[in-house]
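Look at the two complexes coming up: chain A is in both, with chain B in one and chain C in the other.
Entry: the complex of A and B
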């Protein structure tokens, strides 16, 4: 009964005008699922079989994207109950947690997703470095990725102030006071960021607008370019199918279409179509050579991404049920809590600040690190991708990463009042 | 040789776009610049000078500052640490300002003793008018450079930093 109704609906003109792809199991139908759908169009029709293994990418980019979607949804919920005014914000948070149905849970999920996203994006960066996927022709997409990392941190930092509790107020005080050590324009920059010499109403409103609007616009723009370039350049894991020669990518078009591809007329046609601007000739060539190493995106990749999305969502919901996001006392400019720590992803800088001059530790060191990170694909000209074939880049990067992790762990867990050394199992002074 | 029409138009476009970008940047900068301090500022009249004896530090809530006296001299010291902006509490046990965030220590005159701060604590000009201490909170006076300690007073026996919060 229901089956026949569904079948009848699927034959209707209305249904077929919306879903124009045949739904049978033929290769054409599978290809068209990805090809003929505006949303699934971010995928290629086929993906390298290797991509199906979790360890190919650890799904870190997908996890970041899913977390971002969760943050958008929960963020919109929160906006319904929040007023960015110093007289209202804290009370709104209390009301959200005590009076609004599922308010506490939504806030928890938003907070844990935000922390996890910083982590996921950072790990995604490490994974891409590890696989050498920032090398030609993907240099600029790495730069966009670094920019997305910065935007993620900015999101987290601006959001940190909004609850207007002691944790928020002092973490952001310490964080934003770093800005005024920037040479020449530092004082002016901080004034523009905060709208005054100290954190007050202007700062709260500015952080709010940055958090919900400005950063969102920038993020969408960068994310569109990032995804588009991944799609255009082909997946880096597919590159390994062709012998890699230094600085040959991208391969010049038409005359160099490989003979293998030319022999197979149908495949040559598909290569030609790709070269009309959908995908780089190089990755088209890779596809042409070893067609058996590929599978259809639909359903193989789609199913895996759905599992990633479901698992990620499940994890943050479970975290939200188990752990409440912290809300301390109302912000009090006359009482600095001991110790006052920056958000965890900046606590490494704070630890560095205890040892070096603020200009060095707070501005020059992070600035140089960020610049080096962005310039990496242009500095590292070694075409090799395998970690074992590029010991210098690997050891430098992993050393810096290790230093950053160590500083963060020391700052977050081993520091107490007056930034004195404490043991985390004796005194716990870390609040996420 | 006079430019062709194409060149002239191209140049005009570029100049026009440049001016537009400049105007946008200027507008943004002006709009985002902090407003003048609406909370007043200017002169903050306090108690007569006898109310601030030698070796004392009195917190003035309205000005978010301390009035201290060291070696006979009156000081108005901003509570904000010049390092990273934490509020620096006064520790009566040690007679020092001890910052809870990164452990900078200052003497009663706000001069830097130890810790990562780049200078002494910032302050304001102090005057005696009609028998009362008046602090000019409209302009911040930057703290003394590192190493300059003209108003050191002996430290007390205790310290506050290691106390559990």
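Entry: the complex of A and C
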């Protein structure tokens, strides 16, 4: 009954004017699902079979994208109830949590999604490094990816200030103080960022505009290029499917062989594969495509991405239900909390500041790291992809990653008032 | 995992492209089946008829009873089931063939008939092979006389194939069209009895033997000589050629008695078209026809209709598994609808009876072919206890046929095939100069369309031998008649539709149209069981064609190796295979774009995707 109604609706002029492709299941319809749909055409029609395995990518890029979508939706909801003014922001936050329907939950989900996105993007970056997927021809997309990582951090950092509580105020104070150490232009830079020497109304408004508008525009632009390059450069996992056996051109049939015999020999090759022609790669991105190793995006990849989206959404909702985002006292420039910690992803730098000159720890070290990260595909010329075949790159990268994680853990969990060493099970000084 | 599956494919030449058109390659006479199917799908039925007619003087007959090797080869089976090519041929034959007397375009195919100035040829046997040869020879300018022992020409077309599959007026009309070209036909003339072979040699410069295989083969099993056992060809002949019944009955001995024999199943042994025809005849007569005598077909029908209420079962026993039975599946389905029980994968161990057939012992076939792939059924051991005993009153043997060439005086000097016929070259030349043979007598029992093809080949050989200086026969449709000139005589033209319109129609999802048939309750001897497809059904069915004759072609210079075509192809038949430096072609930046012709459905998505218009769909040349 329902089936017949659906079938009837699908035959209607209205339906067929909206949906370009037939809905039934056939290879052509599967191809057209991806090829003929504006939303799905970011996908290739077919993907390498190996991509179906979770371990191929751990779905970290997809998870990041899903988290970003959640952040957009929840962020719009929060904007309805928030005024970026120092006199109103904190009160809006309180009202949001107490008087707005689902306000607390939406805020929680937004907060946890933001943290998870920083984590997911970072892990995505590590995964891509691990698989050597940044190597030719994907060098530039790695650079775009690093830029997206920076934008993600900026998103999180600008968003951190908006609640205008003590946590926000002092975390951003610590973070923006680092800008001050930039040689020559440090003071000017901080002025531009904060709209003054200290964090006040100008800083709040600028962070707000950056957070909801400027970074969003930049992020969309970079994501478009990132996704497009994934398609155009080819999936790195596809590279590994290229047969290692060298292929040689078959000799064209000798002209004096009787045509009938030629036809018979052609038929004997039970697979009637014909050469359409020898083509020359027009760009460095050209890569082999062997459909035997591929499956249709629709439904195989679509289903997996839907599962990823559902699971990710479920996780952040559960987190939002279980844990409330912190909201401390109203921001008070005259009362410095002890300790005043940067957001967790910058707390490693804060830890470094305790050991080195601020110029080194706060500017040169992170700057050099970021530069090295972006330049990695151009510095690392080893074409090998397997981790075991590139010990130098692996050990350097993993050492740096380990140092960063260690500094972050120490800074976040083992530091108390006066940046003194504290065991986290004795006193917990970390707030996300 | 992949490297073994990756191939660079063949470098095609024009001949190779021809072999990928499976239907045409499979047709013994080389009919452009795909092209007439495409023409029907485009509403150009007259062009379609011209194409079907071009290679074959019997399109109306073939539209009904051809074994359709084209359908067996049809690549549509990659998706679902083959195109109903034979039924489509009938659709256009009904409109423009000999059936449509006023509209017939039959004569368009052959052009002007030259006067009979070249040496005379005598043809013994007016079956499909003989008539096809007569047609070609007459058009080449030879005087031709066909000698036929029966009162009607057609050979197995009238003596073997039942009228409910092939109406006699269609056969008569199509043969009459050939006779009208100036072919002499002597009916009721048995060579060797009514006219000695020596006399023929005085009349003709060459003799062509096309007497077919008219004798049923025996089966070397116990009880095969019992009364009640008959040969299928004799049964069919008795039904189809009433005036000849006495001789047929004489040949089968006691067959006529069987109608009065005790009830029990009619068991037909064999899995070919003859076996199916005999089984379906048996369902209509509830046994073997008795005393058909002088009563005409109409009276016979009435009598048989009355008897069809009989519940006497008809069982067809064949060693092949069901899907390997060498008949088009329509024949199989219709036989079953008429109540024939098909026991595929079964052999008959022996026939039991004292004075008459009483029982038949079935044994399962374990293996059809031996290790070398030859047909050699292995029957289960009797001790295995898998045998089955069926009560039977009649057994009809359809296990092959033999030729009768004893009318030739010096036949012993000629090499003979295992079927008792004449050994010939593939062109039909025998060891004796000026003596030719074609059709079943030279090839062993084959299909109608094989006989036609053989007739065409032998005609070419005879023409070559008798008139070496004349223009050779071109079977490809005598298309001289279509040379430009008269506006009415344009050659069929083929418009390639923009592929972007093609995949809208969902042609790859339309399933095969079931052929319209008479309900089993009202089937008679002569009423045609299968009806013609409606015009709408025909266009829809023809629209399913995957158009093997059009190929996806690449302008390599425009290709930017984006891989979009590989990506979008629904059947994964395009590959971009990297070349290595070992080829001598510019380094690793070169690829070969390959296409699996076997899987390509010409959906045109690759062409639609190609950003540089490097790909196109066109007729390869």
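Observations
Throughout what follows, the second predicted complex is superposed on the first by the 383 of 432 C-alpha atoms of A that agree within 3 Å, B and C clash if a C-alpha of one lies under 4 Å from a C-alpha of the other, contacts with A are read in each partner's own complex, and residues count from 1 in each chain.
Convention: a residue touches a chain if its C-beta (ideal position, glycine included) is under 8 Å from a C-beta of that chain, and two chains touch if they have at least 3 such contacts.
Note that the structure is predicted; figures quoted are calculated from it, not measured.
When the two structures are aligned on the shared chain, A:420 is found in touch with chain B, with no touch to chain C.
In the overlay built on the shared chain, the residue A:45 is in contact with chain C alone; chain B does not reach it.
Of the two partner chains, chain B is the only one that A:338 touches; chain C does not reach it. In the overlay built on the shared chain, the residue A:357 is in contact with chain B alone; chain C does not reach it. When the two structures are aligned on the shared chain, A:177 is found in touch with chain B, with no touch to chain C. By the touch criterion defined above, A:293 reaches chain C but does not reach chain B. When the two structures are aligned on the shared chain, A:31 is found in touch with chain C, with no touch to chain B. For chain A, the partner with contacts to more residues, out of chain B and chain C, is C. By the touch criterion given at the top, residues 29, 32-35, 37, 61, 64, 79-80, 83-89, 98-103, 116, 118, 140, 161-165 of chain B touch chain A in their complex.
Residues of chain A that touch chain C in their complex: 22, 24, 26-32, 35, 44-46, 234, 241-253, 259-260, 262-263, 266-267, 269, 271-283, 286-294. By the touch criterion given at the top, residues 170, 173-174, 176-178, 181, 191-192, 194-198, 202, 206, 333-340, 350, 353-359, 362, 416-420, 427 of chain A touch chain B in their complex. Considering their complex, residues 1-3, 5-13, 15-16, 18-20, 79, 503, 506, 508-509, 552-556, 559-563, 566-580, 582-583, 585-586, 589-598, 601, 603, 605, 609 of chain C touch chain A.
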